[in-house]
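Chain naming follows the written order as A, B, C and D, and within any one chain the residues start at number 1.
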Amino acid sequence: MKHETDVILSTEGLGKSFDGLRANHDIDFTLRKTQVHALIGPNGAGKTTFVSMLIGRLEPTDGAIWFDGRNVTQMPAHKRVAAGMGYTFQITSVFARLSCHENVALAARRKQGGDAAKVEQVVADALSRVGLADRTADVAGDLSYGHQRLLEIAMGLASAPRLLILDEPTQGLAESEITAFKALIRELSAETTILLIEHNMSVVMELADEITVLNFGEVLARGTAAEIHANPAVQAAYLGTEAS
Amino acid sequence: MTETTSKTKTSGLIQPTRRGALKTLAMGAGAAATMPLWARYTSAQSAEPIRIGFGKHATGIGAAYGRWYERTSVAAIEKINGEGGINGRPVELVTEDDGTDPRRAAEVLEKFANQSNCDVAFGTLFSHVVVGAAPRAGELKLPYFVCSEGHHVASGMLNRWTMQPGITDVKSQISAMAPFITDVLGKKVTMIYPDYAFGYDHRDNLAPAIEAAGGEIVGSIAIPPTETSFTKYFPQIPRDTEVIYHVMIGPAVLTFVKEMGEFFGPSRPEIFGFIDSLEATDLTSPGLEFLDGTYFWEGMPRYLQDDAPDYVTAYRDAVGLDANGASVSDPSDVSTSAHMFSCWETLHVIKAGMEAAGYQSTEDRQALIEAVEAMTLMEAGPAHPGGTKMFNGKTHQVFGPQYISKVEGGKLVVQKTVDYEETMYPDEVDYTSMSF
Amino acid sequence: MTRRDLTLHLGLIAGLFALHFLLPAYHHGVFARVMVLAVYAIGYNIAFGYTGLLSLGHAMFFGAGMYGVGLASYHFAIPALPAWIIGLGCGALLALVVGLLALRTEGVSFMIVTLMFAQAAYLVILYYSEYTRGDDGLVIPGDMRAIGSWDLSDEGTRYLLAWALFSIALMLSLWLVRHPFGRVLVALRENEERARLLGYDTGGRKLAALVISGTISAAAGGAYATMFGYVGASFAGVQYSIFALLWVLLGGAGTVLGPFVGVLFMTYLNDVASGVTEAYMLIAGVVLVLLTLFAPQGIVGEIRRRFWKDLP
Amino acid sequence: MEFGPYLMLAMLEGAVLAAVLALMASGLSLVFGVMRVVNVAHGEFYMLGAVMAWVVTQFMMGLGGGPAVNFIAAAVLAPLIVGSIAAAADVVILKRLNYDPERVIVATIGLLYIIQQAALMGYGPDAKPVVAPFNERIALPWVAWGENGLEMYYPWGLSTTSYKLFVIVAAVVILAGLRLFMTRSRAGLVMRATQLDGEMATAFGIPVERVYAIVFGAGAALAALAGVLIVPIQQAHYLMGGDALLLSFIVVIIGGLGSLAGTVVAAVLIGMSDGIISVFFTPTLAKIIATLAVALVLVFRPQGLFGVKNR
C-alpha cells in the first residue's frame, strides 16, 4: 500500500455506477499534504461524483479510499469530517434561516466542543478571513449569492480540517471577490491541504501545485499546471472545448 | 344507614388554606378583580335556582343518546318546576357537551362544580365516560348521578359521590332475561357483543345467568366498536345455535342488524337482542323485515302499549313521543326510549333526595348523597314511569322492571315484564362504609 | 443563556406560581391541566419544532407514560413517584425502539410511520383489555395518588406539582436549545445534509432528540394519570397526536414558550367555542389552516420575527 | 360454518371492501402521484360523498323519485359537489402553500376538522341510511363430496346481496375507466406529464396550477364515489372518514406511493386479507399486525411492495 507519510488522501481503483451507468471508473488518486490540488474536467466528467465519494455522500461501487493512513471507504460522512475532512458544497448550502455567526459556530463547535470563548474566537477569525466580519448578525439567507459562498468557505475554515474539499468555490463570485479568494487560499495552503474542484482556469493555474484531469469518469492526466497546459490529450478533451 | 363520618363543612371547591390566602388577597386593593367571583360563592342563597349540570353526549359516538337524554331532562325539569321546583326553588339545567370523551367529561364536571356553580351533575351514559369522569366528581365532592346501565357503579370501582338511581345495570338486566331466553327460545345461545367494556358486562354476566337457567353458551363473538362491516363475523356462529343474543352500540348498529338478516336469510334461529342494537333506529328501516318475530330487551317500552297507565302517557307527552316512540315533530327521529327514561327518574330522585336532606346550598351535598343512600322502594308513578324500582343505598344502584318485547308488524309489543325482585343480586360493594 | 432569556422564562414561572393564589377555582383547575399538557407539548416541540421531525404518533409516548403509571399503580399498587419513573422509562424505551425504526425514513414517510406505530400502540391497549380495561380505562386507586403526605387529588397540591413539573420542563427545554446540542438539532431541522458534512452524527442526534422528546411526553402522560386519576385509551388515540402538533404550531414551533402559549390559547378557545357550538373542533381546523397560510411560525414565532429576534 | 364456505364468504366481503378501498385509495394515490402531497383530509371527502348521497336522495325523495333514480342522481351529483369543494380548497389553500409537503399535511389536517365539523353542524351526529337501488339476498351454492359423488348444496349463511356484487362490478368499471383516461386521453397525458416534472410541464405550456386543482378535485371525487357506493351498505356518519383514511394510507403505501396499478393490487390484497384474517385471528389483533406490517414496509421498503424504486 502506498501510504507514504506525506500522502493525506489516496484512492485505489475507485468507481461508481448508477444503474449500470459508469460515472467514475478505476480512479487512482493521491493527494500530498499541504498541497493545493485542483481537480478539473469538462462538464459531466464525474468530478462531483468523485468528491462525493471522498467525503462519504455517495458509496463507491468499487475501490477504496484512504485518509491519513486509514481505510475510510465504509466510514459514514460525519466520521470522515470528524477525522479531519472538510467540505463545501457546489450548490450553496448554508443554514439559510440562521445567522452567519451561528452558521460558522456550528462548524466550529464540533471540534471546540463546549468551550464557548474558543468558539467565539474561531468564528470571528473565520468570518474576518473571508471578509464577512461586519455581517455576523445577518441571517444567512439574506446574503448575496457571492457572500453565501464566502460563508460556506468560512464554515469550512472554522471546522479546521486537515483536508478542505472546495467544490467550485468561485462559481458566482465577482472578479474582485475571486481575487480575494485566491489570496485566502494561498494563505490557507500553508496550514492545510486543499482539494479544489474548479472551472475557472485562471484560479486553477494560479493556485494549484498539482492538477488532476478527469474525463468520462477516468483520470486523463496528472501533473503541474505547466505540464497539464502542455498535455495534448487534455487540450483535445478539455482546453480545446473550452477555447472554442 | 351508617353515618360514621361527622359532617364536615367542606366548600368542595378549594382547599381551605388556599381559600384563606385568597380571602386575604381579596381584601387587598390589588385583588379587587376577584371580588365579583367571591360574591357569587357567598350569595348562593335560597332565591337562586338549583342548578343541575348535564353532561351531554352531543357529539361523538353517543350523540343520538345525548339528544334524547337532553329532551327527556328538559321535560322533567319543566314538570318539576311546574310543581313548584325543589324546596321552593326553581331548577335549572346547565348543559355542556362532553363529546362522549372521558377527558372532556372530567373537565365538564369541573365546569359544573367551579364555574357554573351547579349543585349536582348528572346524565352520563357511555361507560368509559362515566369511568373517566367519576374520579373528578369524587375529588370535587360533587354528587354525580349517572344514567349509564353499566355495572361500574355497583361493581365498586367508583366512589361515594357517584350513584345510579335511575336505571338498572346490565348485570341485573341479563339475569332478568336469561330465564326467558332458555325457557321460551332455546337452550343453546350464541352471543354477539361489542368488544369493549359495555360488551364485557354482557359477556361476563350472560354465561352464568344462562347456565343457571339451564342453557349453555355455544358461541361468543366480540366485535370491535369501530367495525363497520359485520358479515364476516357471522360464520363463527355455531350451526347448532338455537338463539342469537345480540347487543351492539354506536353508529353502525343498523348495518349490524341488517347484515345479520342478510346472513341468515330465510333460515334464522331465534333472535334475542338488547334494544341498544337498534336504539334511535327505525324498526321499519329497509332490510329489517326479518326482525319480525324476534325479541328485544327494553328498559322501558318504545312503542305505546295498549295497557299503558296514565303516568306513562303523561311522560311520553311531556317528552314529545308519538305512539311509535319517535319525536312528535319528526317521525324519522326515533328515540332512545329504553334508556332515556332514566334521566326523568334520576331528576325526580334528585328532587326527592334534596327535599329529604333539606338541601339549601352546595354545603349540603353530602347530606344529599346520604339522603339518596337512605332511599329504598320507588313506586311506579309520574316520578317513576319506568315502573316500580328498588334502590340499594350500599351499592348506589337501582333495580327496576325489565321488559321483553316481540317485534310484531314492525312494532315492539311487550310480552313479559320481569319485576325488580327478580333482578337483584348480592352486593359487591358497600359505598356507605367509604368516607366522603 | 442570556439574562433576558432567564428573566422572561423565570418570570412566567413566577407568574404561574402567583396565579395559584389568584385564580378562581375553575380557572385554577384549567391551568393545572394546561401546565401538564404543556409539558407534553414541550416534549413534542423538541422533536417537531427544534429537530424538524414531523411526528403524528406522539400520543403513543404520552400514552406510554400514562399506562406505565396506570398499570403499575392499578395492578401492582406501586405508589405515585416510582410509578411515574416507570412511566418515564416506558416512554423512553418506546421512543428508542420507534426511533430506531422510524428514523430510517424522513418527511412524509416518517409522519406516516409514526402514525402507524401509534395506531398499533392504541390497538394494543384495546387488545389487552383484560389488563387495560380497553376503552373504559382505569381509575387509579386513591391511595396510589400520593407522594408522601401530598395528596395529588387535592386541588392545591395538584396545581403546585403541575407547576413544578412544568417549570422543570420549561427550563430544561430552554437549557437544551441554548446548549450546543440543541443548536445542532436546529441545524438538522434547517439542513440535515449540511449538518452531517459539518461532522455531526445526524442519525444519532435525531434519535437522541426523539428519545428526549418521547420521555418528556411520557412524563406528562404519567403525571396526567396520577394527577387526574384516570387512564384511558382515548389519550393514546391519533387525536392526541394531532393536538400536540396543533398546540405547538399555534404557540410557535421551535420556541420555548410556544407550547405553553399554544395549549393555553387552544384550551380557552375550545372552552369558549364549546359554549357556542357543538362543532367546536371546527375552530381547531380553521386555526390550523389559517396558521399554515398566514402565520406558519405561530404566536411566539411571530413575536420573535417582529420584535424579539433572539427569543429562544 | 364449514371452512370452505366460510372462506368464500370472507372473500366476498373482502372483495366489497377491496372495491371501495381501491376507489378511495386511487384518489389518494392520484393526488400524491401528480402533486407529491399527502392529503390527510381524504377520508373526509369519502365521508362527504356518503353524506351528500344522503342529502341528494332526501332531496330527490321529496321530488318523488324511486330508489334507483335517487341513487343514480346521488352517484353523479355527490362526487361532482365534493370534487368542486376539493378543487376550491386546492386553489384557496394548497396553492398558496406552494404544495410544500409538510405544510400541506398540516393544512389538510385542518381541512379534515373543518369538513368533519361542518358535517356535524349541517348533517348532524347520527348515522343515516340511504336506500339501495336494489338489494336482493343471493344464496350461494357450495360443492362437497357427498354420498353420490360431488354434490352441490346451499350452505347455511353463505350469501351475498345483489347490491354488494354491484359495488364490486362498479369499482372495476370505474377503475378501468380511470386507467383508460390516464393512458389514452390528452388530459390524462397532461396529468402524467405534470407528474413527471412540474417545471418542465410549465415550460411546455401546461397550466400546472389548473391541472393541480383538477387532480385534487378528481382525487376527492373518487373518494366521494367510494362513499356513495358504500352508503347503502353502511349509512353515512360524520366520523366515518377516520378509519377509511388509515386504510387508504395503508393501501397506498403497500402499493407504492403514486402508483395506480400498485394501489389497486394493494387494495385487493388488504381488502381480501381483512376478510380472510378475520377467519383466523381476532379482529383487533389482525389490525395490530396489519398496521405494524405497513409501518415496517415503509421503513424497510419505502417504494412499497409493488413499487419500483425511482426517486
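Methods note: a residue touches a chain if its C-beta (ideal position, glycine included) is under 8 Å from a C-beta of that chain, and two chains touch if they have at least 3 such contacts.
Quick caveat, the model's predicted, so the values are computed rather than measured.
> In angstrom, rounded to a whole number, how far apart do the mean CA points of chain A and chain D lie?
Taking the mean C-alpha position of each chain, the two centres sit 52 Å apart.
> Can you work out the whole-Å distance between the CA centroids of chain B and chain D?
38
> Averaging over Cα atoms per chain, report the distance between chain B and chain C in Å.
About 35 Å separates the centre of chain B from that of chain C.
> Rounded to the nearest whole Å, what is the centre-to-centre distance of chain A and chain C, using the mean of the C-alpha atoms as each centre?
Computed from C-alpha means, the inter-chain centre distance equals 43 Å.
> Mind pulling the residue numbers of chain D that touch at least two other chains?
Answer for chain D, listing residues that touch two or more other chains: 120, 125, 282, 284, 287.
> Would you mind listing the residues of chain C that make contact with two or more other chains?
126, 278-280
> By residue number and range, which residues of chain A touch two or more other chains?
Residues of chain A never touch two or more of the other chains.
> Please classify the inter-chain touch graph. Allowed labels: line, ring, star, complete, other.
other
> Kindly provide every pair of chains that touch.
A-C, B-C, B-D, C-D
> Applying the document's contact rule, which stretches of chain A touch chain C when the two form their complex?
Contact set of chain A toward chain C: 55, 57, 76-79, 81-82, 87, 89, 93-98, 102, 105-107, 109-111, 113-114, 155, 159.
> Can you name the residues of chain B that touch chain D in the complex?
58-61, 63-64, 66-67, 195, 222-224, 226-229, 231-237, 239, 251-255, 262-265, 267, 280, 285-287
> Can you check the complex and tell me which residues of chain C touch chain A?
Residue positions touching the partner: 180, 183-184, 186-187, 190-191, 193-202.
> Mind listing the chain D positions that touch chain C in their complex?
Interface residues on chain D, with respect to chain C: 38, 93, 96-97, 101-103, 105-107, 109-118, 120-121, 125, 242, 246, 249-250, 253, 282, 284-285, 287-288, 291-292, 294-296, 298-300, 302.
> Can you check the complex and tell me which residues of chain D touch chain B?
1, 5-6, 9-10, 13-14, 16-17, 120, 124-127, 129, 131-132, 135, 137, 139, 156-157, 159-161, 233-235, 237, 239-240, 243, 275, 278-279, 282-284, 287
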